[in-house]
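Contents: one structure, followed by commentary.
As written, the chain order gives the labels A, B, C and D, with residue 1 at the start of each chain.
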Amino acid sequence: MSSEIGKALKISVFGQSHGRAIGVVIDGLPAGEPVDEEELYAFMSRRRPGTSRLSTQRSEADRPEIISGLVNGVTAGSPLCAVIENTDTRSGDYAALTDLPRPSHADLTARARYGKAVDMRGSGHFSGRLTAPLCIAGGIAKQLLARKGIFIGAHLLSVEKEADDPFPPEPTPELFAAVAAKPLPVVSDGAGERMARAVERARAEADSVGGVIECAAVGLPAGLGSPMFDGIENRLAAALFGVPAVKGVEFGAGFAAAKMRGSVHNDPYIIENGEIKTAKNDAGGIIGGITTGMPLVVKCAMKPTPSIGRPQKTVSVSKMEPAELEIKGRHDPCVAIRAVPVIEAVTAFTILDILLEEQGHGND
Amino acid sequence: MSSEIGKALKISVFGQSHGRAIGVVIDGLPAGEPVDEEELYAFMSRRRPGTSRLSTQRSEADRPEIISGLVNGVTAGSPLCAVIENTDTRSGDYAALTDLPRPSHADLTARARYGKAVDMRGSGHFSGRLTAPLCIAGGIAKQLLARKGIFIGAHLLSVEKEADDPFPPEPTPELFAAVAAKPLPVVSDGAGERMARAVERARAEADSVGGVIECAAVGLPAGLGSPMFDGIENRLAAALFGVPAVKGVEFGAGFAAAKMRGSVHNDPYIIENGEIKTAKNDAGGIIGGITTGMPLVVKCAMKPTPSIGRPQKTVSVSKMEPAELEIKGRHDPCVAIRAVPVIEAVTAFTILDILLEEQGHGND
Amino acid sequence: MSSEIGKALKISVFGQSHGRAIGVVIDGLPAGEPVDEEELYAFMSRRRPGTSRLSTQRSEADRPEIISGLVNGVTAGSPLCAVIENTDTRSGDYAALTDLPRPSHADLTARARYGKAVDMRGSGHFSGRLTAPLCIAGGIAKQLLARKGIFIGAHLLSVEKEADDPFPPEPTPELFAAVAAKPLPVVSDGAGERMARAVERARAEADSVGGVIECAAVGLPAGLGSPMFDGIENRLAAALFGVPAVKGVEFGAGFAAAKMRGSVHNDPYIIENGEIKTAKNDAGGIIGGITTGMPLVVKCAMKPTPSIGRPQKTVSVSKMEPAELEIKGRHDPCVAIRAVPVIEAVTAFTILDILLEEQGHGND
Amino acid sequence: MSSEIGKALKISVFGQSHGRAIGVVIDGLPAGEPVDEEELYAFMSRRRPGTSRLSTQRSEADRPEIISGLVNGVTAGSPLCAVIENTDTRSGDYAALTDLPRPSHADLTARARYGKAVDMRGSGHFSGRLTAPLCIAGGIAKQLLARKGIFIGAHLLSVEKEADDPFPPEPTPELFAAVAAKPLPVVSDGAGERMARAVERARAEADSVGGVIECAAVGLPAGLGSPMFDGIENRLAAALFGVPAVKGVEFGAGFAAAKMRGSVHNDPYIIENGEIKTAKNDAGGIIGGITTGMPLVVKCAMKPTPSIGRPQKTVSVSKMEPAELEIKGRHDPCVAIRAVPVIEAVTAFTILDILLEEQGHGND
C-alpha cells in the first residue's frame, strides 16, 4: 500500500478499521505554528458518525492524541503524529462476509492485491474510518492556512437528484462557517431538507444514495502551481481520489465545460479595485495548472454507499457459485454527507503542501 | 515547473512550442523490448495537426528522433530520449498578445508563476504541442503493454451536445483499432458525422467546442493498484490532468454515480467461464483503488479551445485598462479531437508505470 | 524536516526525545509476513541504553507497541505503526543549555533551521533515541530478508585507535549472530577488550571516542540496483547518513581504494562451484551501482559523542559573548557501540526497499 | 535504471557512450536566470578528455546544445534540455569484450540487471562519458549559485599516495578559480607535480591509480537542510555516489573523526565579526544534517580506473572457464583527475536543489 502523499508536507496514514488504532504522521509542518486542539476536534466532529440520524449509529469519540511534534500547543518542526484508538469495533458483523465479497466494496480487490492476510475486518485500511486521520492533517492545515488568509469550505452540491445552490462566485469564510454549522452542510436550507428526505427514503428502503461535494478555497495567491504534472489540478485530484467513494473530480465548469462553446466558457479578464480578475470563474481558479487568484472550485462525485441492507447478488469465493448477501451492521446511507469535511481536509493539506513547496518551508 | 511523472517509469517532458525542439526522456523502460518506430509514428500521426479540416492547419512532420536508449530497435535499459524539432513556428502571430492575456489561456498565470522571462510564444511549455512527447511515451508504452495482452483505446464520447455511443462493456482491441482508423475517433459513425458538423459550425462562427473522451484499458490483471493515495484512480488522474484542457476526470459511472442509489450502482458479482466478474461495470474496473479485472474506464472532460477568432474582452496589463482581443492564427476548434490519442498515451504510460512498480522492473 | 525515506517500502519516523512518544510508520510491507515481536525486541535490545557500563545509564524499556498493520502476528498489507512511549525523560538536565549551544550538537543549526519553537529537549528529534524507530523498521526487515536467505550483520571495526579484524570475505549468518551476542559486537575478542579499555579511559577522562562500523549483507542476488542515482550505494548512503553521528560512508575498499593501483584494486573474476565470483571483494559487492552477488560491505565512520563532561568553549547566544559549558547528564562515551544494530537496521530496510521495488510488491 | 535525481530541481540524464547522443533535462530552474553558455562550456572543458597527457586521448568537442528552456540566454521556466552528440565512437575497441567481463567494470552486473539487451558498448550508460551531462547541470547551477554568493570548488586531495594540502579553513572563490586553472587541480603546485609523476608511472606500467577529491562550498546560509533523511549529507551522498568510481563519501573530518576523542573533534563556538562561527570545522559545515554557515567540506574516494592495459584474469561467460583479458583502447590512468569538476557539478546542483526546496522556487 502507499498511504503516503505530499512533497514538502508529507502525510502518512496508518491503521485498520478494527485494529488497535488509526492515525497519521505529518512531516514538514513549519515550526512555531500554534495548533488549537479544540478547534481541531470541533472540525473532526463534523465527520464523526452518530451525530445525526442520517449517518451510521456507531459511536466513537475519535479524539486524536497528538503524541509528537507539538510542544505546548505549538509545532516543533519535527513530524507530528496523532493517534485515534479504536474502541467500538464489533467485528462479528463482518465475520460472515469473508467468503461473500460485498459488491462495489474492496473485499475482492484487496484479496487480489494482498492475498489472504489482508485485514478486511470493517473494511480494514479501506474503511471510511481512515478518513479521520485525513481530517487531522487537514484540520491542522486549515489552521495554518487561515493565518495566511486562505479559507476552505465545502458543501453538499447534490444528493441523489436533489441539488443545492452552488457556492456564490466569491464565497466568504463566514459562509463556509455557516454552512459547516448546519445539520447538513448546504447553502440552501430548503435543499438541505430535500436532501435529508432523500437520504431518509433510501435508508427506509435499505438502500443508499450518492452525492456531489463542492469545495472552494479563497485567498489563494495567483501563480501557485505548475504546468503539466505538478499543477493544482493534478495534485488535488491525486489526493482527492484517496477519499473512499470518490469516483470523479472536476474543476470549475468541469464536465459541463465539455458541452460549452469557447465563447461561453472563456472567462473574460476585467479590472476590479485595481486588480485583474475574471468576470466569471468557469476555470475554477486554475488555468494551465496555476492559480488565477480567483476562488479555487473543485467538485467530487461520491458514489452511493456500497453497504446496503437489501439482498444483493454475489458469489461464494470458496464454492465458486452464485450466492446472495445481506449486509448487516451500521452504515451511512449517504457517505457524501460525512465526506464533506474530508474533502475540505484533503484540499487543505494539499494546498498547504503546494504552498510550502513553492514558497519555502516557512519557519519563522 | 515539474513536467516529470512516474515512479518505476519516469517521464520527463521538455520543450516550448516555439523553441528549438520538444521531447521526452523515459527512464525505466525494461531492457530487451522492441520498439517499432513506424508503429509509433503511426500512433503519433493520430494527434498530428493538419490531417483534417477539423483541426489546425499548421503542418508538421513531428517525427520523433530517438537519440538514446534504443539499440537496433530494442530498448537497452538506459533512458530513452526522443526529440522532435520545431520547424514551423511563426511567432509573429503571437507577438501582440503579450500585453493582452488571452482569456482561459495560461498567459497570465504563467506570468504570475514565472515572471517576465517565461516563454509564452505559441503558449510555450503550456502548448498543446507538448502533448506530442506524451504520445511518444504513451505510444511506446502501448507496444509493451500489448505484448502483455493489455490494450488501450479511446474515443470521443461527446462533442458539444453530440454524443457517441459509449464503449461496449467489454471492448476489444479490434474495436479500438477500428475507432482509431476513422476520420473522427468514434464508435458510431452517425455520431461522428453529427460531431463533425458541430465542429464545423463552431469554426464557421469563429468559435470552439468542448468534448468528453472515454478511454478504456482491457486485459489488466485484477489486483493492480493500492488503496488511498496510490490507487489507479489517483495515479491516472494525476497524469491525465497534465493534458492541457482536461477539466474533469471520472471513472466508471463517475458523476452519474452521484445521482444513483446503491442498489443500482453496485456491480453484482457473477461467475463467467470459471472466473469471478461483475455483471456490469459502473466501478470502471477499479474498487478501492485496485483493479477488478474488468475493463478500466476513465472519462476526461475537455474544455473548448480557448483560442477563438471572435473578439474577446480582456485587459491591457501595462495600462491596466479594459481591452478587446482578436486572436489570429491557426487553432483547433475542438482540442478534444486531437486529444483522443493523448489520453490513450497518458493512460498507457501510467498503467505501465504501475505494472512495473508492482511486478518488478521486468527485464528478461 | 523530512524523516521519511524509501520508495516501495516507506519509513516515516516521528517523535522527540522528551516528547510523549517516538515511533515509525512502515508503509509497503508485503502482506502475509509473520513478524516475531520477541525476536524484534531482542534485536532492539542490542541498541538499548543501560545494558553495559560502556553506554549511558538512562534505563528504558523501549518496547515498541505495534498499533496497526499486524493481525495475529502477520502483516496485513496496511501500514505498520509502532510506538514507543517516552518514560524516563529528565529534561532538567538540558534546561540550561538553550542559551549555550553544545559544540558539534545540532542545538544551533536546529535553531537556524526551525526557529525558537524547535524542541531540543534531550536533542529532540535529533536525538540518538530516534534510532529506536529505525531499529523497529530494520528489525522487521531483517526477519523478512532472512526468509529470502539474505542476512545482515555488523560489528565495531574500530574504536578510537583500536581495530577489530574485518569480516572474513564471506561472512556467515552464524558469525553475525555470534558477534551480536557479545558484550561488544566484535569479531576478535581481544579487539573487544582493547576497545572496552579505550572507551573506559575516555569516560574516566570525561571524554568520548569515535569508531567505525562495518556492515555486511550476504545472500543478495546479483543484478540488484541501478546505475547512476538509483544504485545500491546511493540508496544506502542516503539512508545511513540519517543515523546521527555518521560522518562517512564507504563501500568495499572505499577510501583505501583511492591509494591503490588498478592492478591491485580490480577484483578478478573466477569460477567457483559453477558460478562466476570474484577472487576478492574490494568492490564491496557493488559495481556500477548493482550487486555482484558477493557480500555487500559498507563501513560507516561514527564521530565521537559530542556530549562530553569536560568544560567546553561555546558562546552565549543571548549575550553574544564567549562562554564555557559543562554538559551534565548521562551520555554514551562511544555512540558507535549502540549504533551497530542501527546500521544493520538501516541497511536492512534499505535493501528490502530496493528488493521490493525491483522484484515487485511481493504479496503472496 | 533511474538516472533521475532531485526534488525542486530535477535532473534526468540520458544516453549511452556509443549511442547517438547524451544529455540531460533540468526541470525546476527558476525563470529569468541568465545562463552564460561560454562560461558553461569553459567549465565543461575541465572534464573534457584529451586536454592533457594524463587523461585519455579520445578527442571530443562535447559542446552541449541547449534545445529547450532557454530564450535569449535566459531561463524561461520550462525544463532545460541539453544534448551532446556522440561523434568519436570507435566501438570496435570493445567488441571482443562481451564474453570476457572486465574486472571491476559494470559489464557483468549490467548483464545481471538488464539482460542481454543492455548496451555496454564503451560502457554504455555506465560510462564516465555520462558525467558530461552532470557537468551541464552543475555548471548551470554554479552560475545561479554564484549570484547568491555561493561558490563551489574542488581539488585533488590525493592521487595514489601523493597528497595535496587540504583547502584552507575558509577557502575563497579566487582560490577555487586558481586551482581550476592549473593543469592538475591542486592547491600545492609541488603536490601537483608529484601526482603527475605518479600518474605517469602508472600509465607507463599499463596501470592506473585512485585518488581523493575534496570539494568545498562557501557562502551557504546557516540552517539549510533537515535532520534524518533529508540532511545535506544524505542528499549529497545520494548524488555523489552517482559519479562512476566514487566508493566513499565523507564530510568534514569523516573517517578521521572515528579515531578522535570528542574533546578534539568538537568544534568550539566563537564570535567573529559579530557572528557565531566555529573555531575549526571538523563538522564540514554540517551538524544534524543542517548547515552551520561554515564551509561545507565533502571528500570523495575515487577508485583507480578499472580499465588497465596489463593482462587480467577473468572468465569466459559463454564457456564458463577462466580467461585472460587485455584491454585495448584509450583510458584515463586516473579517473579522479577528470572527476574533479564532476564532483563540483554534482555538489552544485544538489545544493541548488536544496536551496530551491527550502526557500521556494525563486522566480523573480
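One rule holds in what follows: contacts are C-beta pairs under 8 Å (C-beta built on N, C-alpha and C of every residue); 3 or more make two chains touch, one makes a residue touch a chain.
Only a predicted model underlies this, so the values are computations on that prediction, with no experimental measurement involved.
Ranked by separation of Cα centres from chain D, the top chain is A. Taking A-C and A-D together, the chain pair joined by more C-beta contacts is A-C.
Centre to centre, using the average C-alpha position, chain A and chain C are separated by 38 Å.
Each chain gets a centre from the mean of its Cα atoms; for chain A and chain D, those two points are 46 Å apart. Multi-chain contact residues of chain A, defined as those touching 2 or more other chains: 1-4, 13, 110, 113, 125.
Considering their complex, residues 7-8, 357-361 of chain B touch chain C.
Residues of chain C that touch chain A in their complex: 1-4, 10, 12-16, 19-23, 25, 27-28, 31-33, 67-69, 71, 74-81, 83, 110, 113-119, 124-125, 363-364. Interface residues of chain D facing chain C in the complex, by the touch rule stated above, are 1-5, 13, 101, 103-106, 108-113, 125-126, 130, 158, 160-161, 202, 207-212, 221-231, 233-235, 237-239, 241-242, 244, 246-271, 274, 276, 278-279, 282-284, 286-293, 301-308, 310, 312-315, 317, 320-322, 336.
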